[in-house]
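Shared chain: chain A. Partners: chain B in the first complex, chain C in the second.
And now, the complex of A and B:
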């Protein structure tokens, strides 16, 4: 049994259903992140788990107990808010001690626990300050310490780093990961920053319109997106619509109106009706010299329509009989002129079959 | 630095004269020795201040005014604080109506409200004069309490309360430990504004007072109908001092943060 499972949960505001049929399992000690475009229901999912929202239908199991109707303050979960939500009238010490005092611990224990946790988030010496006297990154660490100190059964993060600058964001996400692993805490982390989610999570769940499209280890999602939406979301810009699929062992050949494409079968074979292939702009190879063998499988001829400088690479928009493709090429080579006829090669281990 | 504008300076000075001039005149006349109001007074004395305490009615009505203002304030707070919280934190059917309902005593002329209250509530249910006064004053204080507290609540981020609840606090504990300390300045401002509104009120009190029970403003009104000596000016000065003392006390307590920050 998973530590946390959401089974067929739906949530809505008034008539609006936001989460339709949500299923999510989280194992003990895992950090699972929820990733998706704005408005897809990430915060809603997190608030449902925290207890701020009630499920219309479905069930929320935690530790084999039915938590669907357990009130927020009885759940013993920590919540880290996007805007930190520190208590402005209390010192850092009192902010962190708030949850402990509610649990009627004696003074000595509270003092020790607060000092220990402030040590972990590198904030010792700040006990007497007020939240207004801290920087954004320090406030965020207080918020994390305040949620951690009650030793929650589950820690929930709602875009905790979105108010920080880029460098601090990277430092803080490493910090969060370190603390989470050090204390063996189970956590759910919401963000719309892909890199952030991929770098700190054991598993990433991609949400779209209130449904989880795919949940898997970061690398698996990165390599083998299951659906067109997931592929698009994580940087696959090119799609090929095929007419037929033939499987030969662990390879598949897809037919199109303009040539055949051979791929490796991805783990979890798609149904026969999945006739879409996806590939990233940086994975397509580009050839200017047209050999005889460049007319076979996985090749496509096209014309450069537009060239954009992206810094470390050029991106070409190439018009082919199968539509427009975006191709990235190292910016160290001479850029190709608009109108040049070129050949595109799609390496078979980079082409992914998606739904 | 901006250049000072002479025209603006003149207007500012004129405004101050317009606002503070009458107060200065009252202050000066209150020290006059004549038995009628004159400005400037021919000779000075503290006689009329002494006269306040010798005249029957002023001290007792002052006491009534204070009691009614404080007790009414408590009642208005008891109703207004939860109402302000509900109105600012929850969405519910009829919220707009309730909002207007609680503000309506500000919009209806006091005379109308006082008369209606007397005719349809006080007389109907045979409330005592004291009870009637208390009801009337609680009603006129309510909009101040609700408005000022609701605006403080609007500035207080709801997620801070959610944070407290997620840490294990009940809703009630959250209200007392987190919400109240953070709206303290608004709360005190609401209490003071409501107190002053009640303490100076004439139009409601005039319907609610009766034989034996009166408030200070009503007593003053009756006095000036019969006498034209500087006693009233002397009382006015004392009331100004009371208000100033109240303000000073609040300033010391809050550093006037409510009035300057918000």
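And now, the complex of A and C:
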């Protein structure tokens, strides 16, 4: 049994339904990220779990108990807000001690717990300051400490690092991961930053229009997106629409109007009707010499339409009979001129079959 | 253009205030310290020896304090509710809450007379429901004065509080609740302290307003005198302008002391007034 499960939950604001039929399972000790385009319902999902919003239908189980109607203050979850939501009239010490005092602990215990947690987030010595006297990164850490110190059953993060600069972001995400693993806390983490999600999560859930399109380990999602939306979202820019699929053992051959493409069967074989192939721009190989070795299965001929310098690489827009492809090539080689006819090679282990 | 020249625009206003407010106040106050051409405090000493005057002063302070406290108690939930809703309903509620300010003090007071009188609405209802056997004596007591003043000054408190409460983000309450606070505790520990600046502004407005109000206490207070009515009688009925000036000066001094005390309390309650 999972620690947390959302079963067929729908949530909305007024008449507007945001989450239609959400299902999510989180195991104890896991850090699960929610990733998706702006407005897809990530914050809404977190707020639902925290109890700030009520489900219209469906059920929220936590620890085998029905939490659907449990009030916020009885849930014992920590919430880290995007804008920190520190109490401006209280010192850092009092901010962190807020939850402990409500639990009627004695003074000594509170003092010890606050000092310990401030130690963990590297903020000892700041107890007497007020939130307005801290930097963004420091406030962020106070917000995390305040949520952590009550030893919550679940920790919810809503884009906790979005207001920080790039370096601090990387340092803080490692910090969050370290603390989460050290204390064995189950956490749900929302972010816009894919790298952030992939680097700190045990599992990533990709949301689209209030539905989870795919939930899996970061590596699995990165290599084998299940749907076209997920593929698109994580950087597969090229799609091939095929007409037929033949399976031979653990390989599959896809037919198109212009040639055949052989791929490895990805884990979780798709249904007969999924006839889309996806590949990242950096995974397509490009050949300028056209002869019998560079034609046939998994090859496609095209013409360069546009060349863009991206720093690390050049991106070519290549027009082929199967549509436009984006191909990235190392910028160390001589750039190819617009109009050059070239051959594209699609390595079979990089070509992914998606719904 | 030089920056200094911008101050020229302030000149007409300053001259007006100086001529018609500052100068008369100074003249009034300085006249109270003169007795037959000599500087003396006799007027004040006599006043503070006068038991009746002390009683009136205390009465006024009590009524003003009660009015302020009642306004705070009533306004807190009302303002919180108004500050949390949006759209048309909000404008309607704000308009409704300032309504008492738009009606004339005389009309308002007469309505309360009709409601609170010996054979008034309140007594009739209570007697018909057999809650009481004898009619209550509410009208012409401090209670009726306080009712009238609360009715008059509640809008000032509500508006001041809505102003600060609107700037308190919902996230703060939700943060408190997620840390285990009930709605009520979140209100007491988060919303209330953050409201203190608005509470002080509202209290000063209501308190000073009640202290100086004339029509409402004169009509609803009956024989119960307050300081503004006393001042009026000295000036207009007894034609004793010297005494009236002394009363006026005492009123100004009391006002300053009270406002100063309130500000002091505010800085104690809320060391960092700013919301972020």
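Keep in mind that, in the parts below, the second predicted complex is superposed on the first by the 355 of 355 C-alpha atoms of A that agree within 3 Å, B and C clash if a C-alpha of one lies under 4 Å from a C-alpha of the other, contacts with A are read in each partner's own complex, and residues count from 1 in each chain.
Methods note: contacts are C-beta pairs under 8 Å (C-beta built on N, C-alpha and C of every residue); 3 or more make two chains touch, one makes a residue touch a chain.
A quick note: this is a predicted structure, and the numbers were derived from the prediction, not measured.
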item	value
Partners on chain A (chain B, chain C) - clash or fit	clash
First, second, both or neither for A:222, with chain B first and chain C second	neither
First, second, both or neither for A:81, with chain B first and chain C second	both
Partner chain(s) touched by A:345 [first = chain B, second = chain C, both, neither]	neither
Touching partner for A:239 - first (chain B), second (chain C), both, neither	neither
Touched partner set for A:102, first chain B, second chain C, both or neither	both
Which of chain B and chain C A:131 touches, first, second, both or neither	second
Doubly contacted residues of chain A, that is, touched by chain B and again by chain C	50-52, 72-73, 75-79, 81, 83, 85-89, 98-99, 102-103, 146-147, 150
Residues on chain A engaged by chain C in the complex (per definition of touch)	50-52, 71-73, 75-79, 81, 83, 85-89, 98-99, 102-103, 130-132, 146-147, 150
Residues of chain B that touch chain A when the two form their complex	157, 159-160, 162-170, 173, 178, 181-182
Chain C to chain A touching residues, read off their complex	169, 171-172, 174-182, 185, 189-190, 193-194, 270-276
Contact footprint of chain B on chain A as seen in their complex	50-52, 72-79, 81, 83, 85-89, 98-99, 102-103, 143, 146-147, 150
